[in-house]
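One structure, as structure tokens, below. Some questions next.
Each chain carries a letter (A, B, C, D and E) given by its place in the written order, and its residues are counted from 1.
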Amino acid sequence: QPATVTMALDWTPNTNHIGLFVAEAKGFYDEAGIEVQILPYSDTSAATLVANHVADFGVIGSIGLFIQRAAGADLVATYALVQTETGRLVFNGDREDIQSPKDLDGKTYAGFGGGWEDVLLGTMIRYDGGRGEYETVTLGTSAYEALYNGAVDFTLEVYTWEGVKAERDGREQRAFRYADFGVPDQHTNFIGTTEAYLAAQPDTARAFISATQKGYAYAVEHPDEAAGILVAANPDAALDRDFVRASLQALIDGHYLRSAAGDVGTIDPAKMDAVGNFVFASGILRDADGKPLKDAPDFSTYYSTDYLSPLQ
Amino acid sequence: MTGAGLELRRVRKSFDDRPVLDDISLVVRPGEFVSIVGPSGAGKSTILNLLTGRLTPDGGEMLHDGVPLASGSYRFAFMPQRDALLPWLRIIDNTTLGLEVAGMKRKAARARVAPLFAEFGLDGFERHFPAQLSGGMRQRAALLRTVVQGKAVLLVDEPFGALDALTRTQMQQWLAAMWMRHRWTVLLITHDVREAALLSDRVYVLSARPARIARTIPVWLPHPRPAAGSPEVATVEAEILNTLFNPEF
Amino acid sequence: MWKAYAFLSALARALGHAGPALLSVVTLIVGWEAYVHFSGISPTVLPAPSRVLAQAYEHRQTLAGHGVATLQATAFGFASSLLAAFLFSLLVDFFPQLRRALFPVFIITQTLPLIAIAPLIVLWFGFGLMPKIVLVALITFFPMLVALVQGYAATDRDIEALLASMGASRWRIFVTARLPSSLPYFFAGLRISITYAVVGAIFSEYAGAARGLGIYILNAKNNFRPDLVLAAVLVSSTLTLALFGATVLIQRAAMPWTRLSEESR
Amino acid sequence: MWKAYAFLSALARALGHAGPALLSVVTLIVGWEAYVHFSGISPTVLPAPSRVLAQAYEHRQTLAGHGVATLQATAFGFASSLLAAFLFSLLVDFFPQLRRALFPVFIITQTLPLIAIAPLIVLWFGFGLMPKIVLVALITFFPMLVALVQGYAATDRDIEALLASMGASRWRIFVTARLPSSLPYFFAGLRISITYAVVGAIFSEYAGAARGLGIYILNAKNNFRPDLVLAAVLVSSTLTLALFGATVLIQRAAMPWTRLSEESR
Amino acid sequence: MTGAGLELRRVRKSFDDRPVLDDISLVVRPGEFVSIVGPSGAGKSTILNLLTGRLTPDGGEMLHDGVPLASGSYRFAFMPQRDALLPWLRIIDNTTLGLEVAGMKRKAARARVAPLFAEFGLDGFERHFPAQLSGGMRQRAALLRTVVQGKAVLLVDEPFGALDALTRTQMQQWLAAMWMRHRWTVLLITHDVREAALLSDRVYVLSARPARIARTIPVWLPHPRPAAGSPEVATVEAEILNTLFNPEF
């Protein structure tokens, strides 16, 4: 009787998730003796589902991890989906009035509804010499339509997904990278679970993480096959195979999935510390009672690399 | 053969091929109290609907003082089954309704109605809502609203059908007394054989649908008539009942 | 012969009834189609109905699968809700004091904004059928309870007095008089609640589910496929209307005396 | 003296009425509090009511700001909905054929799952007040229209016959008889719709807005603060109950004849 | 002073300090037809509610054949105001209701009721629903349901109050004929003075609330009595009406 692992997604299936589907399709999970059930994206964030034990694992955003951990949520990152930031600030290419982040003052931002977006944008604009004052309309999943329709001025996107799609659709876009404006580079998102789960099922966790890692590595090696797997595994999503392939290529070419050093899934302590201290300094880390943290926590407890296999 | 008052000649009316009034001829002379009695569903209310202009006859003539009734002339004051007081209007506003609809200013209408409240036993209830009145008082208010319009004929449809038997008897006697004083021209529809016998100068008995005038019964008794116990009234009642229960009619 | 005539005239009447409705629905759809074609609006903003229909047909199997999941959630949720409403209506009928204690609590549940509550319910009850049942019940339970209690209260006092004079027990009076009296109210409530039940099930899926039209809609939306969103909406609306129609049929079957009284007088 | 006595006894009666309700609500809250304390459940799963209240108090200004935005959206949306419902009810009353053509379309709008429609409406109408108005109207318009049309139909035929016999015009009959007759139905519809109106406004904010309780809830959820989510739910429920209470008061003021008839017989 | 039949002695009843029945003493001997007439709200239905056991008196005695009525004995068959037929039961099931509630098997109950359908003019309507019957037929079905229970006394509350005046007259005559045949013991509540005069052996006239027996009027006329037109009946009517309208009473 194989152990069952439930895995919650953070968005509709996309190339960030490709290793999961490849591991499933290529039988890596079977080989590891586990059965993985991938839960579709829903309005309840994967981190919440994981922290409340509704799902065993989930895709957790980087800054979300820090905020929730600080607030006492039982969350641990066990796998870095990407080695470097895939997110970026994006706006339509014809906006001559936007040349650098300080031009965003007074503009309208389509947000996803989280406290950290303010920190990110405020930091970038102020780093560039602006005031960091802009309008926010919280749109969640409608943000991109709103941007394309010109209803808002800018938003955040995942370059390797929305960005590639815009390129393929011939939509002129320009973007600012966070790291160019005072925000430390980070693993944009992780596969995470809870301390409680790791304590109770260390072997299952290891089996799942290492098989997943194998899946991502395989996807990098066999992009054509991997793209086909993602499309076939998600018939409901009606994915365009060529687009998926292009997105995967962008992930490979940018060394997002496999770093130039050859790491897949590895969590870089230096990046974690830099980002952790950055968000701590910005004052958005709050304890369980909603009070800002006084001292910087030990960020090394926020993640664990013990479950990765020493692949290389 | 024309004359003063209201006259119907060979009036017919069908609804979707279903004949309701077959052949109705009747007269109501000025100052007369005339009743129509008939089985349920015979078409009694339909006759009044023809007279108020809500319906138009399929055939026959309707004359008032010898002149054919034009549609939209609204010559008669109508008192519908039950009292049909508007629950959201105070009694004073209910009673002036006909005058106001006819275009009179509210103030003038109130001035016209106010003196009649005492006579109708409604003194002090001007500012009450209908729900605050007893069944008998409501009927008097409805009748006040009808007569104050000053129309040539009062068309009254089963005014006391919803009252309990005792109150009904009281109201019939009150109406008889009022009528003797004012000598309104009245066409009364009723189910109640005794009511017809007590109040009318003449009773038209309708057949079942399609309705014809089965019998015309003149009542030659002097007014007022006793509420119960007069053998003459009883004879009239028996005559009406015999017509109604006669299977051949 | 008479039967055939009666059938034909009933059909003609039904068409006569449906005519204006069909006309306006068709006008709406044609107008929408024309607007999309002549305004040149992007199909990612407003897809044409023809496209929605074509996509619905193309993805009919997937849609059917998700539709069945939603239907299942609706059915289980609504059945539980009905059962609970009936049990509580019994309780409140036999112990009227309970009514004052319970109803305000139920009223408060009706004021809760679902979008806030749905994710919490998913957290408390997991990803399975349970949160769907709870949400559908949360939406439909109180209206059904109110319908039943109103229905009981509408019982003719004379009929109750009559049964009491015959020596009928409280329970016998309930079964013989109060329960049948409540049927028209029950069905009126049912017709409205069944509409909310479908919407509620989709809602709960949206907050967290493995399958269902809610999940499908969310995915389609994120893939910038409003045509598929609308195809799923089409399925869900059809489902709702079908359930609505079913309640009307059930009512006719369950209350023969109301039907007959119209026909044969 | 009599007045004071009447007031006191009315108060006593109100408390007698409210007593069991208060008791059960308090029991619920105390039970919840106790459960949270003794089960040791994490506050990110289920915060204690004391915590929710404390947080609501602490964030009262922010909550008030968002509450006002939601109230505004509700008010505008509901007002537009009422106006539209009244105009359509007039139309349908004066041209009854229209009813058959329009109602099926309106019925279909009631089966649309809001979660699917709300984002589309936000895309079509922007992030201002407009999509909120549209969504609130979409939810409340048809129930109000039905209430009005039912109300007109409930007019006493005798009263209409009477007015017609006086020579009253169609419009005069409408104003004098049909409109007042519809008031009880109108207010019954109002009481239900106002509840949906608030939920609808929060919903549309959730799908896209700059301010409002919906946004607050979304933010609190994304920041993993169920205590703040529930604090916002508390505000929204209070808002709903207050609006509900207001409609009851307005009804008493608008229909003095129903009130008097109970008092003074 | 005890005897066969039903007897009430100085019965009193209040609702929340509001006295409704002040002092009610009356007797109904076996085979007698006794009526109670009184103003609306006097407490007539309350008397029947005491007899069916729905209410208990505040004072006084209620005896049947000299034995005090125990609560829950259900000795009398009750026919409520209007007909109170259950709309969802076919006529056959409506008429067997009392027997089934009393524990009889459905089949036996139907066998008991079936032969009576013809006599009550309901032949062929066994499987109809009440809504498919006319008002008069419904009343006959309700009466059938009452008498078939085989109880010692029939308590009948305003059976014909909701019928139109003509149908009511017909039903009164039918009831008179049925009663002559079966000689049931009947206590009838009515508003209708004529109904009381036509049917009863004795009429109790109630005062307004709090109700006392204002007058006991024996009716020594032979049965059947004519529907209208008999001066003797008219005299009884007048006597009842005089009591009711007498302001001192």
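In this text, a contact is a pair of C-beta atoms (placed from the backbone, for glycine too) under 8 Å apart; a residue touches a chain by one contact, two chains touch by 3 or more.
All values derive from a computational prediction rather than experimental measurement.
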Looking at the contacts, which chains touch subunit A and subunit E alike? C
Any chains in contact with both subunit A and subunit D? C
Give the label of the chain whose average Cα location is farthest from that of subunit D. E
Counting residue numbers used by both copies over all numbers at the interface, does the subunit C-subunit D contact come out same (over half shared) or different (under half)? same
Taking the mean of the CA coordinates per chain, how far is subunit B from subunit E in Å? 34
Quick one: subunit B and subunit C, Cα centre-to-centre, how many Å? 50
Subunit A and subunit B, separation of their C-alpha mean positions in angstrom: 85
Length of the line joining the C-alpha centres of subunit C and subunit D, rounded to whole Å: 20
Multi-partner residues of subunit C (at least 2 other chains): 45, 115, 119, 123, 206, 214, 221
Please set out, as single numbers or ranges, the residues of subunit E touching at least two other chains. none
Could you pull out the residues of subunit A that touch at least 2 other chains? 44, 48, 52, 141-142, 145, 149
On the basis of the stated criterion, which chains touch which? Give every pair. A-C, A-D, B-D, B-E, C-D, C-E
For the complex, give me every residue of subunit B touching subunit D. 49, 52-54, 72, 74, 76-82, 84, 86-88, 97-98, 101-102, 128-132, 149, 155
Complex contact set, residues of subunit D against subunit B: 156, 158-159, 161-168, 172, 176-177, 180, 183, 255-258, 260-261, 264-265
Contacts from subunit D onto subunit A in the complex sit at residues 42-45, 55, 58, 119, 122-123, 126-127, 207-210, 215, 218-219, 221-225
Hey, which residues of subunit C end up touching subunit D in the complex? 17, 19-21, 23-25, 28, 45-46, 97, 100-105, 108, 110-117, 119-120, 123-124, 195, 198-199, 202-203, 206, 213-214, 217, 221, 226, 229-230, 232-233, 236-237, 240-241, 244
In their shared complex, subunit D is touched by residues of subunit A numbered 44-45, 47-48, 51-52, 64, 67-68, 71-74, 112-115, 135-142, 145-146, 149, 151, 288, 290
